[in-house]
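Below are the structure tokens for one structure; questions will follow.
For reference, chains read A, B, C and D in written order, and residue numbers begin at 1 within each chain.
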Amino acid sequence: MENAIGTTRWVIPEGYIPRESHGPAPELTSHEAFCVINAGERAAHLRVTVFYTDREPGGPYLLEVPARRTRHFRFNDLEAPEPIPVGTPYSSLIESDLPVVVQHTRLDSRQSENALMTTIAYPCERAASD
Amino acid sequence: MENAIGTTRWVIPEGYIPRESHGPAPELTSHEAFCVINAGERAAHLRVTVFYTDREPGGPYLLEVPARRTRHFRFNDLEAPEPIPVGTPYSSLIESDLPVVVQHTRLDSRQSENALMTTIAYPCERAASD
Amino acid sequence: MENAIGTTRWVIPEGYIPRESHGPAPELTSHEAFCVINAGERAAHLRVTVFYTDREPGGPYLLEVPARRTRHFRFNDLEAPEPIPVGTPYSSLIESDLPVVVQHTRLDSRQSENALMTTIAYPCERAASD
Amino acid sequence: MENAIGTTRWVIPEGYIPRESHGPAPELTSHEAFCVINAGERAAHLRVTVFYTDREPGGPYLLEVPARRTRHFRFNDLEAPEPIPVGTPYSSLIESDLPVVVQHTRLDSRQSENALMTTIAYPCERAASD
């Protein structure tokens, strides 16, 4: 029996990995994260596409969130097929084969005190014609 | 006559209680909170489930919000059936027997100046098949 | 012809006016605000109700947003029928006779550097039975 | 074949460009931004209207987001038909000829440490009667 919650497509228009950090790593390293909860009974497979201002989109980055688990992914840590450059504006599209919920958070420690921001990502059902 | 507002299931994918704090307790203790408003005429009973990255979900934490009242709960203060460990990523699912509205807030005072972030939680109607 | 945007009922579960401030007033005074845009062709009349943890709701606070205007209201400045106490958790319900859009922002300058948080309020159509 | 995501009308009720900044420009200049992702196969044309508290709305500011690209626009940088004054409350309405997703972010460096806030803008389908 399914207990899945959420939807299968999420968008985060804001994205920017600060170049610099203050404070002990990795906890206070400047980072941009997306937190994913999979409340369902099967593992969810994510496909992340990253959009830039002046080149074709990057990715897909393939990730997994096991059943009844959360994963807090850092964009800083994405490596294959290519790392996201620091100091560069980007957006992300997160597609999942099963319903999940996604939240976006940035910790910015470029200056000596850290700053935080967060928002639930934009949920966007796949259209029938997709 | 009912005056209830909101929905009965809310999700907060981000969760992390910082290990350290600066400033006078409890006001400036690092904390992660969820604020719940029950605008209706009967008490709402909440059931909070906490999801982790590497173990089965914890809870349920049972809470109540009286009629026409708000409660600002700190995840730090949840005790039974078990406290949420600090310095650990988690997500939460908040289910209510009556409609409520939920907002997520973190005050982080790990460094000498505090940082704040907030978002309305993700509202998620219970599906007919649940 | 109407050009109104938004909905007529908004909820902000989080509310807390810090007791203290650092920095030049009024710009950097700790405050909790709700920003309202009325894109329509007629003035919108707001009725704000404030919910507390241990007493009956306060208000209504009656406010107006002229046609094609925005107003950034501070909860700190609400006076009639009674000011909202500082250092006290509250929630707010904002009802309008015409569609508007509402965003919640807090500037906290309790410590020497200010912190910011924001979210679009929760939009909540009035049910047919209300 | 279309791959567009989002909707064509977005509202950001909060808007305020701080007068002052600390830290290296332009990265840490106080700014108010809206990030737009156009995941579709054709360029999206934006029309931004800015609402004030005591005068008629300004704009339209005409902008473009190419196909499969993101643009992180700063309100500070809008010039024609007129710059947005600093230290002044405003709201914005962002209309697009194709579906996009919009997120609002402010970096405030009025004091020596920066503060951040963000939210997905309010999505608002154009009504049939518009």
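We take it that contacts are C-beta pairs under 8 Å (C-beta built on N, C-alpha and C of every residue); 3 or more make two chains touch, one makes a residue touch a chain.
The shown structure was predicted, so the numbers you read here are calculated from the model rather than taken from an experiment.
Peer 1: Are the interface residues of chain A and chain D largely the same numbers on each copy, more than half shared, or largely different?
Peer 2: Different: fewer than half of the residue numbers at the chain A-chain D interface appear in both copies.
Peer 1: In terms of CA centroid distance, which chain is the most far removed from chain A?
Peer 2: When every chain centre is compared against chain A, the largest gap points to C.
Peer 1: If you average the CA atoms of chain B and of chain D, how far apart do the two points sit, in angstrom?
Peer 2: 30
Peer 1: Rounded to the nearest whole Å, what is the centre-to-centre distance of chain B and chain C, using the mean of the C-alpha atoms as each centre?
Peer 2: Centre separation, chain B to chain C: 22 Å.
Peer 1: Could you list which residues of chain D touch at least two other chains?
Peer 2: Only 112-113, 115-120 qualify.
Peer 1: Provide the residue numbers of chain B that touch chain A in the complex, in ascending order.
Peer 2: Against chain A, the touching part of chain B is residues 9, 11-16, 51-54, 56-57, 87, 89-91, 93, 104, 106, 108, 110-113, 115-122, 124, 129-130.
Peer 1: Given the complex with chain A, which residues does chain D contribute to the contact?
Peer 2: 2-3, 5-6, 23, 27-28, 33, 35-37, 39, 68-72, 101-103, 105, 109, 112-120, 123
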